[in-house]
Amino acid sequence: MTDKIADAAMAVADRETTIIAAQPESGPASIEGYYDAALAIPGMLRCIANAEAEGVDAHVIACFDDTGLDAARALARAPVVGIGEAGFHVASLICEKFAIVTTVEPSVPAIEHNLVRYGLASRCVCVRATGLAVLSLQDSNSQAYRRIAAEIESVKREHRAEAIVLGCAGMAGLAAALSKQCGLPVIDGVAAAVTLAQALVRLGLKTSKLGGYMPSLPKTIAALPSELVSRKPVSRKP
Amino acid sequence: MTDKIADAAMAVADRETTIIAAQPESGPASIEGYYDAALAIPGMLRCIANAEAEGVDAHVIACFDDTGLDAARALARAPVVGIGEAGFHVASLICEKFAIVTTVEPSVPAIEHNLVRYGLASRCVCVRATGLAVLSLQDSNSQAYRRIAAEIESVKREHRAEAIVLGCAGMAGLAAALSKQCGLPVIDGVAAAVTLAQALVRLGLKTSKLGGYMPSLPKTIAALPSELVSRKPVSRKP
Amino acid sequence: MTDKIADAAMAVADRETTIIAAQPESGPASIEGYYDAALAIPGMLRCIANAEAEGVDAHVIACFDDTGLDAARALARAPVVGIGEAGFHVASLICEKFAIVTTVEPSVPAIEHNLVRYGLASRCVCVRATGLAVLSLQDSNSQAYRRIAAEIESVKREHRAEAIVLGCAGMAGLAAALSKQCGLPVIDGVAAAVTLAQALVRLGLKTSKLGGYMPSLPKTIAALPSELVSRKPVSRKP
Amino acid sequence: MTDKIADAAMAVADRETTIIAAQPESGPASIEGYYDAALAIPGMLRCIANAEAEGVDAHVIACFDDTGLDAARALARAPVVGIGEAGFHVASLICEKFAIVTTVEPSVPAIEHNLVRYGLASRCVCVRATGLAVLSLQDSNSQAYRRIAAEIESVKREHRAEAIVLGCAGMAGLAAALSKQCGLPVIDGVAAAVTLAQALVRLGLKTSKLGGYMPSLPKTIAALPSELVSRKPVSRKP
Amino acid sequence: MTDKIADAAMAVADRETTIIAAQPESGPASIEGYYDAALAIPGMLRCIANAEAEGVDAHVIACFDDTGLDAARALARAPVVGIGEAGFHVASLICEKFAIVTTVEPSVPAIEHNLVRYGLASRCVCVRATGLAVLSLQDSNSQAYRRIAAEIESVKREHRAEAIVLGCAGMAGLAAALSKQCGLPVIDGVAAAVTLAQALVRLGLKTSKLGGYMPSLPKTIAALPSELVSRKPVSRKP
Amino acid sequence: MTDKIADAAMAVADRETTIIAAQPESGPASIEGYYDAALAIPGMLRCIANAEAEGVDAHVIACFDDTGLDAARALARAPVVGIGEAGFHVASLICEKFAIVTTVEPSVPAIEHNLVRYGLASRCVCVRATGLAVLSLQDSNSQAYRRIAAEIESVKREHRAEAIVLGCAGMAGLAAALSKQCGLPVIDGVAAAVTLAQALVRLGLKTSKLGGYMPSLPKTIAALPSELVSRKPVSRKP
C-alpha cells in the first residue's frame, strides 16, 4: 500500500518536488477505527521526527482519518497535511456538497468528527462505508471497484452529492476511472494532500506555533517505545 | 499525583466500590497539549487491558482532555468515563452555563474540541488557562490556589459562569475550598467521573458496541511496545 | 403509573437512599404535548415545595419532556434532575449516537427542543413516536412491548442508533427485556435520573443560583391555585 | 401596565382592527424568570380560551419571553403571536444584527433560549439586562429612560448592534424617543406583534395543527384552578 | 408574470396602500440559479432607485431567492422585503417546521443558503424542486398545479412539514386552493412580503444604516449600464 | 491595483503557469460593501467568459468577498477560486484559529457570511476592519502598513489568532513583512488562490456541474450591458 500511495503522490508532484514514502515501524497493519488509530500514532510521529531531521519541506499523513495530525503539527517545524482534510478542502473548491466513500463502518465516526472539527461538516452530505477492508483494496480487483462505483452512484442519487472524496489511501489509483464512469469529480486524498503541501511550500507557510501546536513543554517521558528504529524509507524523484 | 487522584475518587466512592488507581508504565510525566496526549495513549490502553483482565466494573480515565477515551471504549467491555466529559455532564445538571479553569494554554484547544464533540460547547462560556503547569499542582501551595481562585472570580464576573469545572486531575483536592470562597459550585472531574461510573454500573449499562466502539478487526500489529509491563497498581477499599 | 415509577427508582437506589414518589394534586392525567405540560407545572411545583419543606436531598421530575424543570430549579434549594435530560446524559456516556423511542407524535417536538437546549441534539439521531398513549402503557401488555421493540429495531437499522433512551416514564419496566432482545443498551430515564441525583448528592452539588435559577424576586401572586392540597406521598425505603 | 400595552397596540392597529387587552386573573404581578413564567401560564391560557370563545381573529401574548406561546398555539384556533418573537422577526427585516435590552438578569436566559429555538440567535449580538424591574417601568420616569438609553449606546458601541428590540412590554412607550436619541431603529415588541397578527389575519393564515400544536388529546384534568374567573377585559376600537 | 404578482400583492394590500409593480429593463426573463440572479441585480437596483425617487414607503423584491436584497437595502432609504424571507418569517409564526416547494433544482442551493444566513434553516425541513420552470407557471394549467400538490403531499408525509412556503412568485395564485386540498397552511411569498412591508411602514421602521447596509462610499463607477431606462411601471390602487 | 495583484500571483506561479490579469470594463473602482459588489459582477462575468473563450485552465476572482463566485462557477467550465475562500482554506491547514484583517466596516458582513457559507466560521476568531479604504492601499505607504500591523497585534492578543488572512487584494505585497514583524503566518489571498488553482489543475479537477453550478437554462436576457467590450488583459509569463 505504501507503494500505491507513493505512486499517487508522484502523479501530481511538481518537477521540483521529491516524494519520500515512509511506513511506520510500529503500529497496526491498517487503521480501521479508534483503537487502531491510537496505536498507530507513536510510530507515525517517529517517521515525522526522522523526516524533520532530514529537513523535508512538508509532511503528508496518508491515513484518511488524519490520525495524529494534531500531534504531528505540534512536533514538526514543516507544515503537515492530512489526506482527509486535503480531500475535504479541495472538494469545497469545486462543488457545494460532496460525499465521502470509505472502507468499513468503524472508520465512519472519526471521519464525521473531523468534518465537524475542521468546520466542513455542512459541506458533506454523507459518509458512506463500502464494507471493503483497507487491506482488501491492495489488489484493486474489479469487484472492489464495482462496489465503490455502486456506492458513488447511490450517494449521488440519494444525497445529491456533487463530488466524491475517496475515503482511504488504498483507493488512490481508482479516482480517474470512477470519475469518468460516474460523471462527477472524484478526489483522491493523497493526490490532494500533495498538491496542498506543495502550495504551502510555495507560499512559504509553516504551522503556526502560537496555539495548540506550540512545541510540547520539556518533560520526562517514561518508557518510550525506544526499540522502534525507522526502516529506511523509499525515496524517489520525478 | 496518582495518590491525590485516588484520594479524590475514594471521597465519593460508594460502600460497594473499590477504587484501583493505576499509572501507565509508558508516556510523558504529564499531558499538556496534543503531542503529550498522543504518547500517553498506548500506556493508558495497557492499563485498561490489565483492568479488564482483572474484571473491573468500570474504568475512569483521569486526564481532563479525555485522552484516548475513544480507543479505550473500543477496547473495553466495561464502561469507560473520562474526567473531562464527567465534569461537563455533571455541570450541565446544576447550571445553565459553566466555565472551565485549567492549567496551561496548550491544553485549551483539546478541551474546546471535546466540548464541541460531546455537544456541550453551548453550555460552556469559557475555557480559561491559569498558566499553572500540571506538575506544579502536586504541592497545592497557596499560590496556585490563589491563582485558580482569581481566575474563577474572573470568569464568573466577565462570562457570567454559574459553576466551575476544574480542568486538571491535579486540582482535585481544591474544589470544596474554592466553592466556598467563590460562592458557586466547583466540580472536580475525578469525583464526578467516579459517581457517573458508579451510576452506569448501578444501571447495568456498558458501552454500546454497535458503532465506532465495536471491537477492532483482528490484524497484525507490528512492533507493539511489548516491553511495557504494568507496575502493580494501588488497590484500596473504603 | 406513580407506582411503576417508584419501582424503577427503587431498583437503582443506593442503600442510603429513600425514594419518595409524589403525584401532583392538579394537572392532566398524562402529559402529551405543550398544553398538557403547561397545566401540569403548578401542581408539580407544589410537590417540589412540599418536598423542600421535608428537607429532601434531591428531586427527580418523572416526565420525559422535563416539564417545569427550569421553574423547579429556580424554586428548589436541592438539585433537580429531569428524566429526559438524565437519559440523554447517561446515553452520551456509553455511545456516540442514541435514539429516543417515545409515545405519541405531539410529545416529539418538546423532546427535540430540549435536546437542542441541553446541547445534546448532535448525539441523538432520531426521536421516534410509537403511537402508544402514555396511559396505555400502564398495563405493559405484550402488544405495547412488541410495538416498542419494532421501533427500536427500526431506528437501529435506519439511523444507526447505538443505544436507546425510552421516552416515557411509563416504559420504565421494559428496559432490560428490550435491551436483551434488541442487542443494544436501552436506558430508562427514571432509573438514570435517580442515579444522577445520587451522584449529585454524593458530590455535594446543588443548583447554582447565579443565573436563571436565582430565586424569584418577591412579588404579589394573584389567585394561586390555593385549594390544591398535596395528597400524602408514598414514602418507601429499600 | 395592561393599559400601556393597550395604548402601544392601538397605535399601530389597522382601521379594521379591534384591540382587546386582557389581564389574567391568576399568576404573578410580573414575570421575571422561570418560576414566575410557569405560574403565569394557566391564567394566560384561560384568557386565550375566553377570547377564542368570543371569536377573536388573533391573539398576542404580551410577555417578552413568550410565556406559554406553545401551549396557547395548541389551544387556540386563531393564530397566536408572542411579542418576543415578533420583535425578533421584525428586527431581522431591517438589519443584519440586533440587540435586546431587557429588564433584570433572570429574564435573560429564557430570551436567549427562545432565540435559539426560533432560529434567530445568529442575528442577535447581545441580550442586555438594565437591572430595571418590570413594575418599576410603569412610571416611565426619566431615570429608567436614561438607563435604557445608556445600555442601547453600550450595545451599539461594543457589539455593533444595528437595531434594538426592547425586551419588556413595559418599555412600549419609549421606542420612538430612544430611536431618535440613539440613532438606530428601536422596536417595541407589542407594536411589532400587533402588526404581525394583522398580517396573518390579512393572509388568512392560522396555526398549523399538524405537528406539536395539534389539539391536546382528551383526558381527565384534575383540580384545575377552576375558581379563576376572567375579569371583564377592556375592549377598545380605533 | 408581473401582472400575476401585482394581483397577489393587491389581494392583501391595506386600504391605504398603493401597489406599484415594476419590471426591470435589463436581466434574464426568469431567475433559475446563480448566473441568472447575478445578471438580474443591476436592473432590479435601477427599479429600486426609481421607486426611491418617487418616494415609495417600502420595496418588495419579488424573486424567491431574494436576489439583490442586500444591495437594495444598502441603496434604499425605505425598508426592503424579499419574498423569500417574508415567506420564511411568516411560516415561523404559524408552525414549528415548514417546507419550501419551488421550481427547478438550480434554484434550491440559493434558497438553502438564505435559510442559513437568515437563521431559519432549523425551521425548514426540506426545499423541494418540482421540476417546473418559472415561465411555465405563467399559465397555471392543472398539470403544474397537480405537480405542486403532489410535492406538498410528499414533504408533508416524508418530512412532517406542517406548513408550505411556495418558492416562486409565479405560484402566487395557487396558495388558497393548495392549502384547502392538502390540509395545511400554504404561504405565498408575495402576499407575505406585502403584509410585512405594510407592518414595517405602520411601525415607522426603516433599514438600519449602521452595519453592512450603510450607504456605499462615493466612487467612480465605470461603464454602468446607463442605457437602461425604466419602463413606466403599472400603478394601481385598491 | 491590477498590477499589484498580477505581481502577487506571479510570485507563487509554477514554471508551467501563465498569469493573465484582467480588469472588468464595467463596475465600481473598488468593492466596499453589498452595493459595489452587485454592480461589479456583470463585468467580472464578462472577463470570465472572455478567458473561457481563450481556453484558460482556471480562474481566480481577486476580490476578497468572492464577489460573483457562484455565478462564475455556473458560467465557467474551468475551475474558479476566490481569494477569500483560498485564504480561509490555506489558513485552516496551518493553524486552528485564524483572524482576518480587512479594509472598511461595510466589507465585514459579506466576509462573515462567506465564512458561514463555506463552513469555516468556526475557524475564524475575528474579522477586523482597519478603516483603510481599498484604493488607499495602492500606495503602500508606511502609515497603512503600521495600521495593519497594529490590528494584527490586536487580534493576536485579544482573540488569540494564530494566523492572519489579509482581507483585501490590495494588501498582497505586505504579507511577508507583516509575518516577520508580528511573529505569525500572514496569508495573502491572491497568492493562496493561485496555488490552489494550480493544485486543481494538477489534480485534473473542474467545478462539478451536478448542483447549483449546472449551466444556466437557455433564456432571453433583456438589455444586457452589451456595450461593454473587454479591454485587452495583461498577459505575462514567468
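Chains here go by letter, A, B, C, D, E and F, matching the order in which they are written, and residues are numbered from 1 within each.
Note that in this section a residue touches a chain if its C-beta (ideal position, glycine included) is under 8 Å from a C-beta of that chain, and two chains touch if they have at least 3 such contacts.
Everything quoted here is computed from the prediction, not taken from an experiment.
When each chain is reduced to the average of its Cα atoms, E sits farthest from chain B. When the contact pairs of E-F are matched by residue number against B-C, D-E or C-D, more than half turn up again in C-D. A straight line joining the Cα centres of chain B and chain F is 44 Å long. Taking each chain's centre as the average of its CA atoms, chain A and chain D sit 53 Å apart.
Each chain gets a centre from the mean of its Cα atoms; for chain A and chain B, those two points are 30 Å apart.
The set of chain C residues that touch two or more partner chains comprises 96, 109, 211-213. The touching residues of chain B, when paired with chain A in their complex, are 24-30, 32-39, 41-43, 45, 68, 70-71, 73-75, 104-106, 108-110, 113, 116-117, 133, 135, 211-214, 216-217, 219-225, 227-228. On the chain C side of its complex with chain B, the touching residues are 12, 14-15, 79, 81, 85, 89-90, 92-97, 118-123, 156, 160-163, 176, 183-185, 187, 191-192, 195-196, 198-200, 202-208, 210-213.
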